[in-house]
């Protein structure tokens, strides 16, 4: 304990501690992987210590520390300041809940120890990435998360690592772009230090660097076009993974970097072409993600598409480059982390009880799982943007910024909000309302365990609290961290926006009822959109994966690999046949020439002497 | 004096070529002894008395004895010898090779300014042989002693029947 | 051959030093030719000896040219000693081979090859 | 420093005394102890070399001159001398001699006295070679080494042994003719053959226009290349190595070709650093050796012959290191000399074990002996990995130094080919390992057991040295750095 105090007393040590503690705990968890109780205690206590550390860093004045190591002037530069301390705290808080949920969820499973090991290593990496003041060091931690991600996806699917490979390829591409962007940025700025780069103008090469970095950051958050591994991960990754990574931690990290790129590294002007491009990316992500969510019949898959879609709001908000947009984007990120994690958790609870998340197989759980239903409802209301939940306020801020920038994007975002509401109406009604329906083989179900309910409940209540008391997050947390003096908290300033949003929600309700009437079932309530003229084609194409960049990459890679196979054949022919034949043949010839005759030996030696003479003559 | 050197050089060359070309081993060995003696003559004429003595006694003497005794050990029928070893046929080209080589060397000497180099006079050590051998070449003398020891061991090894 | 030598003698600027050099080279060629062409083990020793004679000649010539004949003489004496020992060893090996094969035929020595 | 005097003199005196003792007493008595005596001489030589090295470097002397029973301070007197280079060589000589004696205990059953006599004269010759300071004396001791080697190869009067010895002798006498003619031309111009920088520099200045100087270099390079066994002068080497007793093969491959050949090249390159054709010739010969030696080795069917061709190939690396003309390259070559002594001795020791236990060295007949002879298999694999330059074994470092030196001296092409040729090295050794230690065990080897005694000890010792040098090489580099060699 003394050691801990000593460690905590010095701020610089705390920086190290934030990285070393999770790594060490990860290893300890893996060592005690056989025992549930020590694991639980270890995980919860260390997650709490992590949170305490983060909070104390948040309280401290901003400062920077460099630890030089290695021969080539490499240094490990860390810096803590308000913004990163805020994210550190948010991460720590999210991690506490997520890890509690995970450790309870996985308590009977063999892979729990390994999973928690990866979780803690990921936390170490995330902390490192948030703390580092050097772009290169940050990239190192960033890539570390990719590794742990790959490991976690492999846990249950060692023999069919399709999803893991897909995630590796897509996230890897995103990270590659990030790396490229970082290289360009460092070259342009002349320094690898975050704190020394002063808002580079986005022109020429810098524009490429900006775009690459932003794509890399958004890609980590799960935005288009690096999203398609998330839905497939929903199918075969453990639910805690979905809660932790696409739900909360990756979003935090990706949005953190995006905001820093837009506000610190580069000078993104509102209304500029680059801003429009980013907003377009955000809008496309919103619509694309939610449109696919609409027709999903599996809870986790549906939520995954929402996870993608929600990133769009954040990117849209950040892309406006207006303070209100950035603030909205950040707030939305926080809200999304809360309600999306909670939603995943409810899906996980249902999975734990019923054994499935396929909406066609169960329904009417409200009576048997009232608390889960309540959590779900709160979060669904929040994600749909119903006042006074937190999602409403953040969405309004994003809408405000989008309307100020470009009406088209505002309309796109509205469309997204509409479809979000529709899809959650559908899911909520199917899963919880109506008569109890259980999958084959299940007779009865119970409410889920306390360990799972606790984080869910906390998160669900937070949804309401943060909505009602939005002054605190908006002004105290993000506003002061970003240095925004204007006050955006409280009820939205523009009544028109609120009216339109409420109208959209009402429209969604009407649409849902219409859908139910038409098809006779809540499950297919959204299917009329699917069957609408023209849209069906697009959906079919989407279902076949035509919009999946992974597939594009794969088919592109297919052509490339055919080409490579052609070359490879020639090369392997050269290696396996030609080179061997030539070498062995030469060896044989030499061997035949060396027939043991002394005359030949002498002749060869004299020829050698003549050869040396020739070398001398040539050199003369 | 020059005439003696020219003559000895000529004898040496001819005897050497004959030693190579003669089909009879005994005659070959004798031709080698003659070449050796001619070399000894040259050494003597140039003032290398000790070297000449060694050359004549050891090389033309001892080596010839060794060769002759080795030849007599291998008592092949004299009639068979030329047929088996085909020396006459295989050595027939030597004079042409030598003439071609000689002409080439002379040509190089004549047209390419083939003169002997000027020595670094500063490095010259004008001492007598005894002084040289005992002052300057003690290392070589130790070497000679070890060579002789090795030779003795070798003779013991090679000429004794396997035990 | 005599004609050739005679014409060399009469050329201006051609002392016996150059003659010695040329004859030394020619004897080395003759010795090497002998070693390469012969089928008789002892003939190889003779060829080696001839080449060594030529080398002795060249060393003495070198001493003559640089005026350090005494040193050259000491070299020659050492060379002669070594030469004899090598010749003895070679003859010993040749005789041993003769005892194995019953002939001094070099073409017996084809066991080691490749 | 009188103690250094004793140390240096003992490199010549101890073998001489043992040589006398070996012939003084009755054969029955001598043959019981003489191998042990030679082993003691070897260990003593290593210890003395280390002691001499530390004394010399403690005193910061370039070299230490001494004589044997005469006063070398007399005017114009010749002398022996040791410097750090000779002491390193002396250490290597002692090391290989120790291994050879350990193996000879198992392989030499007859003619022990003669064997010991010849080994001692060989030792005298090699010690003398690295301690003389005169090109002509170098030749004299070179001949001692040569004569002892011929007779050692022919020692047991087997047909193959005699054949190998005779071929070796004839090729060596060609080398003698080359070297002596070359020396005659150097002597002709300088009037002295001592290792004196003055005349060497004079020759270098004069030499650019001098036909004789170039002729001398061509002949000297060819002569030493013959002694080293560099392609295309190599033909005698596999024959001699294959046909000799394995203990003799260890001596020949482990140290004789290096002292007789490579040391000559070292002297040449040290005396005449400013001749670009010399470096180029060494480079081309080295590369040719590496590639052609490896190609030959790929097709061999006899264990020892394959290993002998591998020696040809490895000598190429040493020449490449020397040719770079830099300290780094020289250092790489020196380390490779020691490493080659280690791993080549290991492989020949394996050959001794195999021929003792399995009774044959034909690759076609051997197989699957890994389980039966684990120590032999293990040491063979470490030696093979080291030869192929696999980190962290010793061979990797020396090759790395050599290739780095080549690269730095702007011979990138040579460096690249040398690097690629490592693949060939790995290929032929992999083939060897596969044929001997892996695969199906022939039925007739069902009762084969691991070798014991001195050969096993030698195998273990050599493997340990190999691994220790490899793992501890950074320390060795630090040592070099501390001495200002890097």
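As written, the chain order gives the labels A, B, C and D, with residue 1 at the start of each chain.
Just so it is clear, a contact is a pair of C-beta atoms (placed from the backbone, for glycine too) under 8 Å apart; a residue touches a chain by one contact, two chains touch by 3 or more.
Model, not experiment: these values are computed from the prediction.
> Going by the stated contact rule, which chains contact chain C and chain D alike?
Touching chain C and chain D alike, sorted by label: A, B.
> When the contacting C-beta pairs are counted for B-D and for B-C, which pair yields the higher total?
Top pair by contacting C-beta pairs is B-C.
> Could you grab the centroid distance between chain B and chain D? Build each centroid from C-alpha atoms only and quote it in angstrom.
Spacing between the chain centres: roughly 31 Å.
> Please report how many Å separate the Cα centroid of chain B from that of chain C, as a whole number.
5
> Calculate how many whole Å lie between the centre of chain A and the centre of chain D, each centre taken as the average of the chain's C-alpha atoms.
Whole-Å distance between the two chain centres: 63.
> Roughly how far is chain A from chain B, going centre to centre by Cα mean, in whole Å?
90
> Two or more other chains touching the same residue: where does that happen in chain A?
Within chain A, residues 591, 594, 596, 598, 602 contact more than one other chain.
> Give me the residues of chain B that touch two or more other chains.
Each of 114, 116-117, 119-121, 123-125, 127, 131, 136-137, 140, 143-144, 147, 150-151, 154, 157-158 in chain B touches at least two other chains.
> Which residues does chain C have that touch at least 2 chains other than itself?
31-32, 35, 37, 44, 63, 65-68, 71-72, 78, 82, 85, 89, 93-94, 96, 109, 111-114
> So which chains end up touching which?
Result for touching pairs of chains: A-C, A-D, B-C, B-D, C-D.
> Under the stated contact criterion, what part of chain C meets chain A in this complex?
32, 35-37, 44, 106-107, 109-114
> Can you list the residues on chain C that touch chain B in the complex?
So the residues of chain C in touch with chain B come to 1-2, 4-5, 8-9, 11, 13-14, 16-23, 25-27, 29-31, 33-34, 37-40, 42-43, 45-47, 49-50, 53-54, 56-57, 60, 63-74, 76-78, 80-85, 87-89, 91-96, 98, 103-105.
> Touching residues of chain A toward chain C in the complex: what are they?
Of all residues in chain A, those touching chain C are 591, 594-599, 602-603, 606.
> Note which residues of chain D are touching chain B in the complex, please.
For chain D paired with chain B, touching residues are 12, 19, 67-68, 70, 72, 74-80, 110-111, 114, 117-118, 121, 124-125, 128, 132, 134, 136-137, 140-141, 143-144, 147-148, 150-151, 154-157, 188-192, 198-199, 202, 206, 210-212.
> Under the definition above, what is the set of chain D residues touching chain C in their complex?
Contacts found on chain D: 136, 140, 143, 146-147, 150-151, 154, 157, 159-160, 162-167, 169-170, 173-174, 176-177, 180-181, 183-185, 187-192, 238-239, 242-243, 299-301, 305.
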